[in-house]
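First chain A sits with chain B, and in the next complex the same chain sits with chain C.
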Partner chain A sequence: MIRTYRALLVATVQAAAQYRVQSVLWMLFSVIRPVIFLAAWVAVANAQGGRVGGYDVRDFAGYYVALSLVSQLTMAWDAYEFEFEVRMGRLAPKLLRPLHPIHYAVAWNIVWKLTTIIPLLVVLALVTVSFDVRFRTTPAHVALFVPSVLIGAALAFVSGWVLASVAFWTTRVHAVSSLWDRGAFIFAGQIAPLALLPGPLQVIALALPFGYMLGVPAEILRGGVDVPTGLTLIGGQILWLSFFLIAFQRVWRAGVRQFSAVGA
Partner chain B sequence: MLRYSRLLALFFRTELQYELEYRANLLLEIVQTVVIIATSIGAVLVLFTYTDVMNGWDLGAMLVLLGCFYLVQGFGELVLSPSFEKFMEHVRLGTLDYALLKPVSAQFLVTLRHFRVVQLAQIGLGAVVVAVGLGRITAVGPLEAVGFALALACGFVLIYALLLALSTLAFWFVRIENLMAIYWSFLDAGRFPVDIYPGWLRVTLSTAVPIGVAVTVPAQAIAGRLDFGGLVLLVVGTVLAFVASASFWRLGLRSYTGASA
Partner chain C sequence: MEVRDLRKTFRVTERDEGLAATLRSFVRRRRRDINAVAGITFGIQPGEVVGFLGPNGAGKTTTLKMLSGLLYPTGGEARVLGFVPWRRESAFLRSMTLLMGNRSQLVWDIPAADSFRVLQEIYRVPDGQFRKTVAELTDLLELQELMHKPVRNLSLGERMKVEFAAGLLHSPGVAFLDEPTIGLDISMQSRIRRFVAEYNRRTGATILLTSHYMDDVVALCRRVIVIHRGQLLYDGPLADLAERMAPYKVITATLHDGAASADLAAYGNVVARDEGRVTLRVDRHAAPENAARLVNDLGDRLADISVEDPPIEEVIDRVFTGAEPAAAP
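Now for the complex of A and B:
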């Protein structure tokens, strides 16, 4: 498996090298939305004398810089890609290869995330300076962040594939995945840090998987939660990841069995 | 002029018939639009649980602004993005010749040819959100209404000019989907008033990618927060942007050569 992955990664790096400009442009998507909501919360905080809940302006900046980094590291777009492959009849040959199609996607995600991180860090450094960001991060937080962001990325990736597998039955998943994205918009910590969602919304957010992909690793990275809380949140991440791993195996097996190729 | 509006109506009708072939999909997309707008309102409401006013914008004004955002975005997705996508495909395949040979303005035929009729739902819902927001603002006089209509029209034209200028680059670079992605990524910033953003972003959203202006100024106009000078500035800027992008388009057109031969 290690040798397979080495070969896959090398091939993917070479393929990705053709899309250098694209990687810089797509980075905009990871930066713009956090900056938008950061600006909104700064405006709210300023109207309230500089503080909202436990956050002042510099804390908001820390949270959204962390969120932007986490979103680049965890978000996966495989559902859209997968639908396209099913519809165009490109999936059929991939199913015949000895390697499960998910491995190609894993390699692509790793390479993509690692190559786009460099321009992103440059931009985030600029944001960090211009907003005078405060991080409350301790070494313990860093130690928690590493597993948290890895689990978050795995969670986003696997749940994306479960979603994508719907295409086996419906050919189109665009509607489903766009509803999923809206769930993430409200509950993942994009419009507000999870701690600032009003009462019932916060309870729902902690029960749903979205926050464990974005908001949780971001909050840990900025040092916004204490260590026991961080560990509990990582526990929640593990629960959701196991759920989606099992779901993926089931759904994929059933889907492949009844899949009938489209196209040529 | 009459001929052009008749053509426009014809384009619209054929595209409507085309879309009505996919009724289930149509319904799904409408549901999707409702969910998107509802969640966006939700985001604004979350912000306003902590404050009554954001940089001088109260909840009513903010809802008007959000409605304008969906009006402008809906206009872009109703006609501009389908038409410009087809245009880029024509350049790549060399089939633009067919459009150029027809006895109407090529710019008209290319930029307003295709419709995604379902996006009328987005425009309609945007109008509803504006109306709801207006319900919380007292007294909208005729002057404000005229200013609003004028500013919104300018917003549409500004977006049109931006997309025309961006897609004209296809004449030289052929594959420019990436450049269009710049528009899409900045578009999201239109959901809040442009004055809340830090300097660099505010400048970008007011000049190079004028989405902020296109959404914020109409909302200011109807809330009675726009002075006459601001409106004049907007109109002049819009006319300039339109003229500049149209001449850039003609420049690009000159370097187009059919790829089919």
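Now for the complex of A and C:
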């Protein structure tokens, strides 16, 4: 498997190198949205005497810088990609190879994340300086962040594949994945840090999987939660990841069977 | 390869044209079952090259997809190299290939050589064998110039050659070829044909191929299986197909000047007349006798005569259009 991955990664780097401009644009996309929300919250905080909840302007900046980085590291577009493959008949040849099609996507995600991380860090460094960002991060937070962002990425990736598998039945998954993205928009910590959501919404957000992909690793990275809370949140991440892993196995098996029943 | 009573039924949604029908179908779908493959049985020995013939929609591709493991059948059994194909076990996937002339399985953005490396690892081909196979395929298909260009920059014919190589890198023991020469020009078609024949000779691989080009079949297959509307119509030597399916022979008589207007209707159905050349359709069993009479009666007014089976395309066409046996005297 290691040799297979090495070959897949090399081929993917070569393919990605053909689309450098696109890679940079996608990278900017993961920065633009958080920066817009950052600007909005800075305005709100300034209007309220410098604070909203427990966050001052520098905390907001810390949160959104962390969120940009996490968003880049965990974001996965597989549902859209997969729909295309099913519609265009690209999936069939992959199903006939002795390698699960998910591995091509894993390789693609790794390559895309690693190749865009350097320019992203440059952009985030600029934001950090210009907003005089405050991080409350301790070494313990960094130690928690590493597993948290990895689980968050796995969660986003696997749940994306569960959604994508809907294409086996409907061919189109756009409507479903758009709905999913709206859910992520509200409950993942994009429009506001999870801690600032009004009571019931916060409960819902913590019960849903979205926050565990973005908001949770971002809060841990900026040192916004204490270590016991961080551990509890990682526990939540593990629960949701386990759920989606099991769901994926079932949905995929049924989906392939459906796909091969109606015409691959 | 053993196939017994293999069936595949597709359920399709239907609706009439027009907005009202579209809206109706949105609420309530009308479905209909289509028997794409309606119970076919055959066996193929290791190393055989078999042509799988039938008009569009006969069920050829559906059968190939079932035998390669891409489709679950509705009923029946199949064993390919001892495996049940639709279980898609790794050992099975590693020992067969399905090449579809109109589908691409290479990564478009990188050169074929790099895609080959990925396939080597996926199929776990040892380095030595990989180098040897690539060298052989490069030689047989003349790929030297093509290996290092991104696949999207190749022409259709070039891409087909590279796809062939990609599909055969793991030296599969069974190859399903679905329209392997579709869209290619004549010289590329014949090169692919030579390649398939040579590949079969060198490796002893079993090959089942579909094609709309009879030349492919004539060049490669001693045996053909003909299906029509999902059912098996004929399974046997290509050479006997004409005898079974077309109960007539074609006598072509070339006459010397002055005899061109001779009436030959007494010897068979005159189906064509071109200058001194007359083509007659004659009942298969009566053909030798009629030809002998013709030679006797015309004497030295006859320049040349031949008695042949009808062209294979004509035979196939007759089978598919359900033509009645030719009424020949």
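By definition in this document, the second predicted complex is superposed on the first by the 259 of 264 C-alpha atoms of A that agree within 3 Å, B and C clash if a C-alpha of one lies under 4 Å from a C-alpha of the other, contacts with A are read in each partner's own complex, and residues count from 1 in each chain.
One rule holds for everything that comes next: a contact is a pair of C-beta atoms (placed from the backbone, for glycine too) under 8 Å apart; a residue touches a chain by one contact, two chains touch by 3 or more.
Computed from a prediction, not measured in an experiment: that's the story for all the values here.
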Discussion item. According to the stated criteria, A:229 is in contact with first (chain B), second (chain C), both, or neither; which is it?
Written reply: neither
Discussion item. Touch test for A:48: chain B only (first), chain C only (second), both, or neither?
Written reply: first
Worksheet item: Can A:99 be said to touch chain B (first), chain C (second), both, or neither?
Response: second
Item to complete: May I ask you to decide whether A:170 touches chain B, chain C, both, or neither, giving the answer as first, second, both or neither?
Response: neither
Worksheet entry | Touched partner set for A:4, first chain B, second chain C, both or neither | second
Fill in: First (chain B), second (chain C), both or neither touched by A:260
second
Worksheet entry | Between chain B and chain C, more extensive residue contact with chain A | B
Worksheet item: Given the touch rule stated above, what does A:249 touch, chain B (first), chain C (second), both, or neither?
Response: neither
Worksheet item: For chain A, which residues belong to both interfaces, chain B and chain C?
Response: none
Discussion item. Taking the touch rule as given, give the residues of chain C at its contact with chain A in the complex, in rising order.
Written reply: 10-11, 65, 68-72, 86, 88, 90, 93-94, 97-98, 103-105, 107, 109-110, 114-115, 117-123, 150
Fill in: Interface residues, chain A side, partner chain B - complex
21-22, 25-26, 28-29, 32-33, 35-37, 39-44, 46-48, 52-53, 130-131, 172, 175, 178-179, 182, 185-186, 191-192, 196-198, 201
Worksheet, complete the sentence: Within the complex, chain A is touched by chain B residues 25, 28-29, 31-32, 35-36, 39, 42-43, 46-47, 49-55, 178-179, 181-182, 185-186, 188-189, 191-192, 196-198, 200-201
Fill in: Residues of chain A defined as touching chain C within the complex
3-4, 6-8, 10-11, 14-15, 18-19, 89-90, 92-99, 257, 260-264
